[in-house]
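Structure record follows, encoded as structure tokens.
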Amino acid sequence: MSFVKSTAFKYIPILVFAVIIADYFFAIASLGSVAEVLRQFAVVISNIALGLGVISLLRIHGRNVQRRLEGRWQYSIVTIITFVTVFILGTINANGAQYTWAFNHVYTTLQQTMYASTGFFIVSSAYRAFRARNIDAALLLIAGCIVVFTNAPIGEVIWSGFPVIGDWLLGPGQLPGYRVLMLIAGFGTIVYAYRVITGNERGFFGGE
Amino acid sequence: MANQTIFDRLDKLDRRIYYWLIVIVIAWPLVSPIGLPITVKPSSRALYDGLTAVQEGDVVLIDIFMSVSTWPECMGGLVVETNTLIDRGARLVYLGNSVDVSRSWERLNELVPRLGTLEYGTDVVFLGYYTGADAAASQMAVDMSSIFPADHFGTPIDDLPLMSDANSASDYAMVLFTAEGEVKWIQQWGEPYGVPVAGMGIAMKGSALAPYLASGDIFGLAVGVRGAAELEKLAGMPAAATTTMDAISSTHLLFVILIVPANLPIIYNKIKGGS
Amino acid sequence: MAYPTELWGLLGLWVGAVLTVAIYSYMLYKENPLYRLAEHIYIGIAFAITAVVAVQNTNRIAVTPLLNGQIVFIIPIILGLGMYTVFVEDYRWISRYSIAVLVGCMLGVVTSGTLIPNIINQITSTIAAPSGATMMDWFNFLYVGIGTICALSYFLFTREHTGVLAPTARLGRLIVMVALGVMFGNTVLFRMSMLSGRIEYLLQVLRLVPM
């Protein structure tokens, strides 16, 4: 039992990885069938795992209510009640008027609003944080400002050179930097895969 | 205190003043539009040219990855893509990797009423939400029905005539991504099966997608609300994205105006030989 | 989309506007109970919708096929449910099997997908000389080629940046700064367009701009 609890699972990523990679390189019908099944399994597992965040949320807010944490427990009740209400409505009838109303007017609005709130912070950072203290920062700032004026139609009105330089920056100008990042990410993926199949990478299993 | 320069005083200015300033600067051109001209970038033109080259009956897969939060950036471009493909007589398959994709689908139908005139199941299908990212895309390339045994509305995939013609990557003329998630289509459909890939990325992804555009892994790219406005101009249907560009102009101008005085003391000190 | 006239549509519109103002009251005024309330409503409803979609989707892609005779789907359903043992200390080891399958599969798919578009095509594109090219095309080719090599040398951390590596790494760093500056410019566009969308929504609710 100790083997099942502490060791057996370490071999599974290696086996699954080998099947998927072999299917990519070799056109073997039986291997392809196994790979298809494994990919379907991954999709179903990741779908069911969406609920993990929900459980964590309920635990955290449930704990806040249980401990009557000052200034927080009342809001945690709001979170839990909102969650339970909308979940029940959606599970009973996802096309129902009440669930649809909550989805369209509450969720959609709040999702867009929360995402957009970072627009304020980037404005204050413009004055407070973006300082060209050295040549590197100056280069970043100048490139950024040129692209800002390229993206905005007013840039061309101010100076006809902005779109010319900006289009170059948005094309070949930024290409070496991002190409290198992409190459590094690609090599990193292969190295990570090697570490996983040799058993040196176990962080995703959590504490053992 | 007596030695404080104007820049020091501006530095200590309550940030709420900046926030209210940005609200005013956004609202003003929305209420009173200016209508500055927009020039079209080659990558947006390449995307549009790809759309207009689609033949009647071609099946196009459209990934509405965008969450409702990226509607201002990408919905305009998706509307143009949909309208153009309908004009070309293409058959459309929509799906999405965001939990609120159904809301985006509803919004698309509000903005493109012609979608409702197409015969559902034959000319257009909405498959709905999927998880699994790359694994799902890889499996869809082989067998769509294994990831979508039914569409978003619960109709079995076998009952949808379009899906019997479009069950694997080789059946598709093109994949269009929206907002994000493009990498899986490039890696799992574009490269192994040669399916042309293009789309609209959020502005932040514009830089990350540039290498794919340069290497030919994607044939076209419209970036952010600017890209959407360019597509609207090419299609001759100015709409929400074009309207937003005036607000983009004013906010971007304010942004640069705020950066310049912040850096003047540094430049001044460097000229004077200080640190 | 026209301005709603029926009660629930109007109510939804104004509830949305109030929630938007509540969230932005934190930035435009100060932290206040209305902001905290809206924030917690958002958390609750976002997770609820995620849970609803997860249940619907699981039913569609696994449970229904299982009930229709595809017995093999019992395995991923059990593995998926096994993920939830991560919350129970004594049974946490069960979740490791689920994670193992997920990681192995995702890693295999991503690694195989990365090889050509992310590595080979990028290298090919860097070294392939332009054909029928103008002076600008050749300049771009040299800039991208030399820039990529220099930027790669900057990310070499197994050797100290001295000797011939010093100027190339320095140039590489500057080239990376240009790329990051471009991304910063695009980020400004992204954030401002999001915010413009919200301000436009409020103006539409107030009927200052057409819906």
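Chains: A, B and C, in written order; residue numbering restarts at 1 for each.
Methods note: a residue touches a chain if its C-beta (ideal position, glycine included) is under 8 Å from a C-beta of that chain, and two chains touch if they have at least 3 such contacts.
The model shown is predicted, which means the values in this text are computed figures rather than measured ones.
Visitor: Give me the ID of the chain with the smallest distance between its Cα centroid and the all-protein Cα centroid.
Guide: C
Visitor: Go through A-C and A-B and name the pair with more C-beta contacts between its chains.
Guide: A-C
Visitor: Please compute the C-alpha centroid of chain B, do the same for chain C, then give the distance between them in whole Å.
Guide: 13
Visitor: With centres defined as the mean C-alpha position, give me the chain A-chain C separation in Å.
Guide: Inter-chain centre distance comes to 4 Å.
Visitor: Nearest whole angstrom, what separates the Cα centre of chain A from the Cα centre of chain B?
Guide: One centre to the other, that is 17 Å.
Visitor: Indicate the residues of chain C shared as contacts by at least two other chains.
Guide: 27, 49-50, 53-54, 57, 61, 105-106, 109-110, 114, 118, 122, 125, 144, 179, 182-183, 186-189, 192, 194-195, 197
Visitor: What positions in chain B touch 2 or more of the other chains?
Guide: Correct list: 19, 22, 69-72, 99-100, 130-131, 133, 135, 138, 147, 203, 206-207, 211, 214, 223-224, 226, 248, 251-252, 255.
Visitor: Among the residues of chain A, which are close enough to touch at least two other chains?
Guide: 24, 39-40, 42-43, 46-47, 50, 103-104, 107-108, 111-112, 114-116, 119-120, 122, 141, 145, 148, 151-152, 170-172, 174-175, 178-179, 181-182
Visitor: In the complex of these two chains, what residues of chain B are touching chain C?
Guide: Per the touch definition, chain B meets chain C at residues 16, 19-20, 22-23, 26-27, 30-31, 69-73, 99-100, 110-111, 128-131, 133-135, 138, 147-150, 154, 183-184, 186-188, 190-191, 202-204, 206-207, 211-212, 214-217, 223-226, 243-244, 247-248, 251-252, 255.
Visitor: For the complex, which residues does chain A have touching chain B?
Guide: 24, 32, 36, 39-40, 42-43, 46-47, 50, 103-104, 107-108, 111-112, 114-116, 119-120, 122-124, 126-128, 130-133, 141, 145, 148-149, 151-157, 163, 167, 170-172, 174-175, 178-179, 181-182
Visitor: Help me check something: in the complex, which residues belonging to chain C touch chain B?
Guide: Interface residues on chain C, with respect to chain B: 1, 27-29, 49-50, 53-54, 57, 60-61, 64-65, 105-106, 109-110, 113-114, 116-118, 121-122, 124-125, 144, 179, 182-183, 186-190, 192-197, 199-200, 203, 208-209.
Visitor: Write out the stretch or stretches of chain C touching chain A in their complex.
Guide: On the chain C side, the touching residues are 8, 11-13, 15-17, 19-20, 23-24, 26-27, 36-58, 61-62, 72-73, 75-77, 79-81, 83-84, 86-87, 92-93, 95-112, 114-115, 118-119, 122-123, 125-126, 140, 143-144, 147-148, 150-152, 155, 172-189, 191-192, 194-195, 197-198, 201.
Visitor: Enumerate the contact residues on chain A facing chain C in the complex.
Guide: 4-6, 9-10, 12-21, 24-25, 37-55, 57, 59, 75-76, 78-87, 90-91, 94, 97, 99, 101-120, 122, 135-137, 139-148, 150-152, 169-187, 189-190, 192-193, 196, 204-206
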